[in-house]
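What follows are several structures.
Both of the next two complexes hold subunit A, though its partner changes from subunit B to subunit C.
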Partner chain A sequence: MDIVVLIGLDAFSYVLTLLLVTLGLVIIYGMMNVINMAHGELFMLGAYTVATLLASGVPFWICLLAAPIVVGLAGLLVEEFVIRHVYGRPIDTILATWGLSIAIKQMIIIVFGPAAVSIANPVPGSVNLMGVDYPAYRLVIMALAAALALATYLVIYRSTTGLQIRAVISNRAMAGSLGVNTRRMDRATFAVGSALAGVAGAIMSPMISVDPQMGVGFLIPAFLSVLVGGLNSLIGAVIGAGTIGGTTSILSANMAQADAQIIVFLLAIMIIRFVPQGLWKGFR
Partner chain B sequence: MILQIDQLSAGYIKGSQVLDGLDLSVAKGEFIALLGRNGMGKTTLMRAIVGQLKPSAGKIRFAGNDITGAAPYKAARAGIGYVPQGREIFADFTVEENLRMGLLGKPGLGALVPDWPYEIFPILKERRHQRAGTMSGGQQQQLAIMRALLGQPELLILDEPSEGIQPSIVHDIGIALRDYAKEHGLTILLVEQNLDLVSLLGHHALFMENGSIVERVDDMDRLQNDAALIARYLSV
Partner chain C sequence: MLLRLPILLSLAFGLLLLLAPLALDDWRLSQLAQLLTYGIFALSLSFIWGQVGILCFGQAIFFGTGAYVMALVTLGKLPWLGESQILGLLLATLAAGGVAFILGLFLFGGRGITGAHLAVVTLCAAVVIEIATGRWGFVGGYNGLRGVPPLTTPWPRDDIYLSGLETYFLIFAVLAAVYFLLLWLTRTPFGTLLAAIRSNEERTRFLGFDVTMAKLFAFFLSGMVAGLAGGLFAAQFGFVSPQLIGFALSTEVLIWVAVGGRGVLLAAVAGALLVRWGEDQLSDQIGQYWLLATGLLFIVIVVIAPRGLFGRILDLSPHRKS
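== the complex of A and B ==
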């Protein structure tokens, strides 16, 4: 019984973690259609923001608030100097943002060195849940991920700003002719997506190795979640993260990590092949 | 003159101008119909006025401001409402969300759709929570017009609003729009092939040929009776 609860909790935790990392990607890749190869580095910048501020004595929870601001501002710069010149040109976008990702990584190596930085767990200890001792901070991550997903949903689908963002994405010229400042919306949308990547990195930083290569690990499953769930949809991303995260986690409990990864990738390929519009739109 | 265009040139490919030194002036409250065969540059002119296409030469002044090459949102906020060819409604948004988009881009208009658009076109009220893409062409056209009017423009530009819509519905839309425009002192610039709508909404007709305006007709009866005029500018 305990093992079932534990696997269930692990799966649920991984799904929510993946969702947390995917949120920014839903906006930047899923909605704006920008394939940002530097998304993982924005995630990393969030973690390093925490590391830097913690080292100078700022409490962890303040660091957590600072990370999205710092990374959101970084996103603004990236949009202004790189992304806005390559909108609508996917191959150029991949090359430009790939270069950017290398540059950010090298910058981190120059400033912080290649070794991993460790961040102390701000909520040590465990909580007894249905007879299983579960790390308390993981539960915090799950709660924050769910809250951020809900907040993102409310902003995008329930606020007037979200309506304008979606209008610019669906018909840029017409939105402009209705008086919407499309450049400002692009900037804001990219910055919000970046801030979400940053806060994800910050929240995850006590649980993972904070090093210059940390961006890649989550990036691939996050891209897969967006693709499997369906582009341009937050609910799709929830379903995608559930599918990819849930399968990975449950399979990993029963077999070697590498075998589990292969099965998950095959599953993703099958879904993308047979339901190209993603699970959410495909079965609606 | 609310709209003053001088020596305007614009095109899609460098060196090839669709509009070639075009002059046009529109007085406040005037209803101008722009006619001409396909490919003469009517839509190009509309897109240049609303800022969706940057002109290569010339000047566009609107209500005293130079808006040549300004971003679309600036032209919109200066007071130009645009109902483009093909309507360009947001198909995935509800009817009400589409109407709300007519307000949100304009500072000071709030976000709440008032009642009057629903009074002019009641079908929009009935369908307000429905996805706009599921409506018929005529209903979508009513929506596109109301979305533009909600932004309280001084000049409304309509590009082929009758396209693909049942003639009786075109006529009803034309009457509703004419009444609204007269009441609010709205200026209308209409590109149209449908002569019924032109006679409802046009005080003057301008004929366009090869990127410039070649003739102005003030006596609108000539549009019905002057076969030579129709043959020269409209028949294919």
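== the complex of A and C ==
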């Protein structure tokens, strides 16, 4: 019983953090058809923001607030200098953002060196939950991730801005002629999507190895989640992250992590190949 | 006169490579021979991406398959096959082609997938195969296979190992043969069909062409070329490891080809030589800046100059009067 609770909690926390990264990708894709290969590096920038600020004596929770701001600003720059020039060329967005991901990674290596940076756990200790001792900080991660995902959902489906965003997604020209400033929307969406990745990186930073290669480790599962769930839909992102994150955690508990990864990736490839619309739209 | 400039430049490029041994010592020559092998690899991607328009993020799967097959055969891990190098290269080419064919069936068969879906699926396939290779003890696991014998002459003589110069000219000849084969192919009606698929797949299908078969054959061919490059690489480098079959090399070759110019075969080769040469020559410290510069250059090329650095000056296709 204990082991089931433990695996369940692990799966849940992985799914929630994956969901944060995935949400950013889905919003950016849905809004501007941009496939952002540099999303993993934005995640990494969030973690490095925390590392840098912590080293200069800023308390962890302030760092956590600073990360989305820093990464959001980085997103704005990226949008201005790269992304806006490749709108409407989906394949080129993949390539341009891939170049970006290499450039950001190299900059981090040049500034911080290739070695991993460690970040102290801000909430040490564990909590007894349903009969198992569970690391307290993981529970914090889950709460934060769930709150952020919920907030994103509310903004998109319950606010005026969200209404405009959805209008642009469903018909850009029409939304533009009705007075929505689509250019500003693009900019804002890309910044918010980046900020979500940044905050995810910041939240996760005490639990994982913060090094220049960390981006890819999150990018691929996040991408698979987006495509498995279905592009263009927030519910799809939840389903996708649930499928990928849940399967990975459950399998990892029973076998070597590399084997679990192989199985999950193969499963995802099958789903993407045979249900290219994604699970959410494909089976409705 | 201006129209013939690309032809002159292409010839000059070939001549430069042919005369390079005069100016280089043995060590540098073997380095250049390795770069030429990467050039063959770049040709395979340039063909499938630049000519047919299929953006494959897993091209190293075929290169790695070729390298591993070559290593397994020449190290005698497959005893019933003997240890012949020629057989090794042949099997490397065919095995990589086979893998490409199977992957191609999976990707293009039925309704098929294109664009971003195809890119992500091939990328994931490369990651899966890299991890699986690292877990497979028979092919050496994470450590790979060491001591792959260098290239030898097929006929007996005193020193059966090819000298640096002979290796160089062998690789150069293979590169030239593959280049002219692919160039010839783009000039045939089949090449025109591939170009049609690149510019509008749906319209080509409606015109009654079997697009799936054409793509499958092109993918198969591209896989074979990559496998041949992989086989040669294994013999030159003497060592194969899971990195050769995975994600990192797949994206690297993409950058070489894009920087050189994806639409022109020879430009892709030049791109591979330039980018790899920079990586090899510069020391660790500056090398980091070189990689940064490559990444930034790659962005600039994708955004504003899709023809790459050499795409325009080496473009052999007849100019249209417009």
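One rule holds in what follows: the second predicted complex is superposed on the first by the 282 of 284 C-alpha atoms of A that agree within 3 Å, B and C clash if a C-alpha of one lies under 4 Å from a C-alpha of the other, contacts with A are read in each partner's own complex, and residues count from 1 in each chain.
One rule holds for everything that comes next: a contact is a pair of C-beta atoms (placed from the backbone, for glycine too) under 8 Å apart; a residue touches a chain by one contact, two chains touch by 3 or more.
Just so we're clear, the structure is a prediction, and the values are computed from it rather than from any experiment.
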Touching partner for A:L6 - first (subunit B), second (subunit C), both, neither: neither
Touching partner for A:I235 - first (subunit B), second (subunit C), both, neither: neither
Partner chain(s) touched by A:H85 [first = subunit B, second = subunit C, both, neither]: second
Touching partner for A:N181 - first (subunit B), second (subunit C), both, neither: first
Chain touching more of subunit A, residue-wise (subunit B, subunit C): C
Which of subunit B and subunit C A:A136 touches, first, second, both or neither: neither
First, second, both or neither for A:Q261, with subunit B first and subunit C second: second
Common interface positions of subunit A, toward subunit B and toward subunit C: none
Interface residues, subunit A side, partner subunit C - complex: 35, 82, 85-86, 90-92, 94-96, 98-103, 105-107, 109-110, 216, 220, 223-224, 227, 256, 258-259, 261-262, 265-266, 268-269, 272-273, 276
Touching residues on subunit B, where the partner in the complex is subunit A: 50-52, 71-73, 75-77, 82, 84, 88, 90-93, 97, 100-102, 104-106, 111, 147-148, 151
Subunit C residues touching subunit A - in the complex, by the definition given at the top: 55, 106-107, 111, 113, 115-117, 119-121, 123-125, 127-128, 131-132, 134-135, 247, 251, 254-255, 258, 288-289, 291-292, 294-299, 302-304, 306
List of subunit A residues in touch with subunit B within their complex: 160, 163-164, 166-167, 170-171, 173-183
